[in-house]
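Presented sequentially are two complexes of subunit A, the first with subunit B as partner and the second with subunit C.
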Partner chain A sequence: MQEVIKAYVIKEYVEDDTELTNDSPLISGGIVDSFSMVSLKRFLENKYNISIPDDKATPEAFDSVNKICALVKEYVK
Partner chain B sequence: MSNIGSYNERVKNFDWKIAEQELDYKPGDILNIGWYCSDRICQMGKAEKPALIWEGSTGNEKQYTYNDLRLNSNTIGQFLRDLGIQPEDRVCLFMDKIPELYIGFLGILKMGGIAQPLFSAFGDESLFVRLDNAQTTAIITQKKHAPKVRKILDKMPYLKHLIIVDADPAKPLLDREVSFNMENAAKVEHFEIHPTYAESPSVLHYTSGTTGQPKGVKHVHYSLISQYLTSKWVLDLLDTDIYWCTADPGWVTGTSYGIIGAFSNGVTQCVLDAGFSADNWYRFIEKRKISMWYSAPTAIRSLMKAGDEVIKKYDLSSLRHLASVGEPLNSEAVIWSEKVFGKPFLDTYWQTETGSMMITNFPGMKIKPGSMGKPFPGIIATVIDAETYEPFTETGKIGLIAIKPGWPAMMRTYWRNEETYKKKFQNGWYLPGDRSSIDNEGYFWFVGRDDDVINTGGHLVSPFEVESALLEHPAVAESAVVAKPDFVNMEVVKAFVTLKPGFTGSKDLDLDIMNFVRKKLSPLAMPQEIEFIENLPKTRSGKIMRRILHAKEWGEEIGDTSTLEND
Partner chain C sequence: MAYTDKTRGMYSEILTGLQNAGLFKQERYIHSAQAADIEVEFPAGAPLKKVINICANNYLGMSSHPEVVKAAHAGLDSHGYGMSSVRFICGTQDIHRTLEQMVTKFLGTEDTILFPSCMDANAGVFEAVLTKDDVMISDRLVHASIIDGIRLCSAMHDTFKHSDMEHLEEKLQLHNDKRLKMVITDGVFSMDGDTAKLDKMAELCEKYDALLFVDESHSSGFIGKTGRGTHEHCGVMGKMDIITTTFGKGLGGASGGCVSGRKELVEMCRQKARPYLFSNTIAPPVVAGVIKVLEILSASTDRRDKLESNTAFWRKGLLEAGLIIKAGDTPIVPVMLFNAKLAQDVSRDLYDEGIYAIGFFFPVVPQGQARIRTQISAGHEIHHLEKALEAFRKVGKKYDILGKTKQEIIERYGM
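Then we have the complex of A and B:
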C-alpha cells in the first residue's frame, strides 16, 4: 500500500525531482495543499473502495505516506 | 491606546497628507516603495532591527535585518538591471514564500520594474495567460517550478530571462535561463534607485472575473500612502510588534500587507513557508511570539475545525491583535476567537483592485460579529441601488457596495484592458462587485458577490476559466461551473459536466477530470465535486443558465425559468 500511495503522490503532486520517503511531510511540507487533499482523498477512496469521513481527512492524517496508510487501514474491510 | 485612537475623530479630521507627512513625502517627490521599505527604515536608525524572520517546512530558519533587506534588494535590483531589464518591464515572481520572493519584490521596484507576483501553485495554463497578457520580460523562480515555465517557453518570445534562485550548479542551464543565488551574490552597497514617482507603475496583480481572461490590476508607487496608513491604524502595527501575515504574496494581501505595509512601518515580520496544520501554526505563534496576526477566514475556520484542545498545548499569550481578510468573516469565527484567544478577529474588507483596506473593523471600535465594519477614514463608501446606481436613503436595504474613487492605492487600470476597467465605474462610484447592506449605526453587512465569480478560501476563481479548462478534457462535451457552499472555504468549485459519446461517468473519470484541471489551472480552481448530467439547463438561445445550477446548490429559489430551453 505504501508504494502505491507514494507512487501516486509523486506522479500527481511532486513537481521536480524531490525525493519522497514514506515519512516525508506532505501537507506541512507544502507538497500537497489543502485543496489538493480532496483529490488525494478521492484517489484513496476509489483505489481501496472505502469512504473516509471528512472529519478524519485532516492535514495531520494526510501528512505522510505512512500516516495515510494508517488512516486507510482503518477503513479497509 | 491604539494607533488610530478615536475612529470618529479620525474620520472628521482625515487627510491622506497624514500619511504623506509621516513618510516625509511631498507631492512631486521621488517615491519608490522599495526604498521606503528598506533604505528609509535603515536611515531611521533601525538598520539592525530584524525585518524578516523566515521559517521553512523543515524548521530551517533565516533572518534578515533591515540592512540585509536593503543590501539584498539592491543586489537583486542591480542583477536585473545588468541583465538589461528596463524600467516598467514586467518581472514575474513565481516562488513559494521564500525570502527571495519578499526581497526580490523590493529589488524589482528599486530598479523601476513592475513586480508581477503569481501564486506558485498555478499550473502552466494559468501561468501562460497571465504572462502573455503582461508580456513579461523576466520570471524569477525556483528550480522546482521551472518545469512549468519551460513547458510554455516556446509560446513566449517576449520572456527573455528565466532566473532560477536555487539552480543546481551540477546541472546545465537551458535556453534563456540564468542563475541568481541571493545568499552568495556579492552585496551591492550603493545602488542607484530608479526615480519612480507617485504615478509610476509598481505592481501587477492578476484577478479573475466571471467572463474573459484574468485581469491585470495595475498599481502605482503612490499606493504606499494608504497601505502604510491602513497597516498602522487597522493592523495597529507598533514598533515592538512581531507581525505574521499568513497570505502568500502571489495574492494582493501578501504584497500590500505582507510586504509593503509591514516593511514601510518598520516592524519585524515572520513568515512560515509550510502547509497548514493547526499544531504547526500554534507552535509558530508560540515560538516567534507573534503579537499581530493577519489571517483569513478559511484558516480561522480550519483552526476551529481542529478543535480547542490543541490550543491548550501552546502559550499564545503574545497575541495582542488579530485581523482577517479574504472573504466575509462569519460571526461564529469572531465569537470563537474571543473565546479561545481572548480577542476577536477583526474583519477587513478590500480587494485586489482597491489595493488597500476599504471597510474594516478598527481597534477600540464596538465589534458586531459578522459585520464588515465601517469605511476607513477618507474612504467614502455606501450601498447603491443596482438599477439606478443611486445611494439608498434608508438603512438595511441590500444593494451594491460603492466607493468614491480617489484613494492612493486604487488601481489605475486593468493591463491592456481599459474597456473593462471603465465598466467598474457607474454614476461616479467604483463598484467592487459585492452586495451588502448598512445598518442604522453605519456598519456594513456583507451579502454576496454580484456576479458568478467563486470566492474559495479568499481567492477568486473564474467559472469561465474552469469551464474552458474542462472542455479541453477529452471526455467533456459541455460544462458549467458554480460555487458550492463549504464550511472551511466559504465556497468551493463545483462542475456540472456532460460527456462526449463513448464516455460514462465514473469515480475514476471524476478523479481524472479533477486532476486535469488542478494541473492546468491550480488546486483552488479544481472542482471539488463533479456532477455528470445528461443536459445542462440552457436558454432557448443556447446559453447555459448557471443561475439555476447555483440556486440548486444553495437551496435557493430557482426564479424565472421562462427562457429555459426544455421548460
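Then we have the complex of A and C:
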C-alpha cells in the first residue's frame, strides 16, 4: 500500500527532483496543496473501495505516506 | 477603540518581516496619464523622471486614447458620475445593457453581465452556478482571483498540471460521477505569457460532458486574428460556456469586468452572484469609454496588428541580445533571471536607464524562476522598444548575463 500511495503522490504532485520518503511532510511541506487533497482522497476511496469521512480527511491525516496508510487501514474491511 | 501599543507592535512586526524578506510592495507615483512615456516619482519625494513604461497591461494603448477619453467625457455629461446603487435596484442605465450586448457580440457568446471588476466576476461566478454536487477542475497556474472564487464555492475542487491535457483527462475520468464538471483555465497565463490549449480542452469537455471556463483578461482585444481572444486563436469561438474578462487591460484599462457565456449561466449570475448583487454598478463614464473601445476594435484590427508586430520585434530583439525569455507569441514577455536579487537589481538599473519594468520573484512566481516581466503595447513605437532593448543590453552586460545559459546564470547568482 505504501508503494502504491507513494507512486501516486509522486506522479500527481511532484514536478521536480524532490526526493520523497514515506515520512516526507506532504501538506506542511508544500508538496500537496490543500486543494489537491481532494483528488488524493478520491484516489484512495476508488483504489481501496472505501469511504473516508470528510472530517477525517484532515491536512494532518494526509501529511505523509505513512499517515495516509494508517488512515486508509482504518476503513479497509 | 482598542488599538493598543501591543496590537500596533504586532502589525509593525509583520510589516517589518515583509520588508526583511524583500516582499514589501512599494507604490511608485505616476504624475502623467498611462502611456508608453510616463513621468514617475520614485522613491517618494524624488524629482520626476521620464521613463518608458514596459510593465502596464495597456496592451492596445487604449488607456489614454483620445477618442476613448472623449467618449468618457461625453458619458459623464450625459449619464452622470455615478449611480449610487447596485444594478438591480436603480443602478442599470441604457448604456450598461448596451455594453453587455456589445461584449456578447464581440466575444461570440449568448449573453453578458457586467461586474465592478474581473476579480469580482471570478469571485462570484462559481458560487452562482455550481453546488456541492459539482466539481471544479482548474489548471494549477490560474490567476489568484479564480482561486479566491473557487474558495467561495461549495463544489469540490481539484487541479490538473499546467496545460497537461493527459492529466486533465485523468481528472475528468476521476470525477465523472459528479452532477456537473467545470474545467477552469486562463486564456493567456499572466506570469509566463503562454496560451491555454483551448481547442484540446474543448474536445475533452465535449467527450466528458464538462463545462469550459476561461478567463480572458490577458487576451481580450488582441489574441486571435480579430482580437476576440484565445478562443478565436484556437478556433473554438462559440464553444466556451463561460468567459470572464476585464475592461482594465486591453479593453480600455480603466476598470470593470464581466461574465459572458451561456445565457442561463449569465442569468444565474444576475440572480445569485454576490459581487454583482452587493456592489455598485460600473460608473457611467467608464461604461461609455469601454463602448468606444469596442467600437474602435470592432471597426479595425490595426491596433492588435501593431501589437503583434511590436511583440515580434521585442521578442526577436531580446533573443538577439542574448537574454533568456519564455517562449511564446503573446505580448507578455518574461526575461528570465532566476535569482530574486538579480531581478531586483536589473529592474533598478533599467529604471536608471529610463525603462520602467518590474522584477517578479517567489512567492509571485515559483522559487528559482525570478524574472523581469515585460509587457508590450500597441502604444509603443519602435523607438521606445529600441531604447528599451539598448537598456537591457547595457544592464545585461553589466551583470554578464548576455548569451549565458540558465545554468551559467544560476551558477553565478544562485536561485
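In this section, the second predicted complex is superposed on the first by the 77 of 77 C-alpha atoms of A that agree within 3 Å, B and C clash if a C-alpha of one lies under 4 Å from a C-alpha of the other, contacts with A are read in each partner's own complex, and residues count from 1 in each chain.
Note that in this section a residue touches a chain if its C-beta (ideal position, glycine included) is under 8 Å from a C-beta of that chain, and two chains touch if they have at least 3 such contacts.
Fair warning: this is a prediction, and the values are worked out from it, not measured in the lab.
Visitor: Thinking of the overlay built on chain A, is A:Thr18 touched by subunit B (first), by subunit C (second), by both, or by neither?
Guide: After superposing on A, A:Thr18 lies in contact with subunit B but is clear of subunit C.
Visitor: Of the two partner chains, subunit B (first) and subunit C (second), which one does A:Ser36 touch, if any: first, second, both, or neither?
Guide: both
Visitor: Would you check which partner chain A:Thr58 touches, where first means subunit B only, second means subunit C only, and both and neither mean what they say?
Guide: first
Visitor: Is A:Glu74 contacted by the first partner subunit B, the second partner subunit C, both or neither?
Guide: neither
Visitor: More residues of subunit A in touch with subunit C or with subunit B?
Guide: Counting contacted residues of subunit A, the larger count belongs to B.
Visitor: Kindly list the residues of subunit A that each of subunit B and subunit C touches, one partner per complex.
Guide: Dual-contact residues (subunit A): 15, 33, 35-36, 38-39, 42-43, 46.
Visitor: Spell out the part of subunit C that touches subunit A in their complex, as residue ranges.
Guide: Against subunit A, the touching part of subunit C is residues 150, 156-159, 161, 171, 174-175.
Visitor: List the residues on subunit A that touch subunit B in their complex, please.
Guide: Its residues touching subunit B are 12, 15-16, 18, 25-36, 38-39, 42-43, 45-46, 55, 58-60, 63.
Visitor: List the residues on subunit B that touch subunit A in their complex, please.
Guide: 57-58, 96, 121, 143-148, 273-280, 302, 305-306, 456-457, 488, 507-508, 510-511, 514-515, 518, 523-524, 526, 528
Visitor: For a test of understanding, state which residues of subunit A touch subunit C in their complex under the given definition.
Guide: Where subunit A meets subunit C, its residues are 15, 33, 35-36, 38-39, 42-43, 46.
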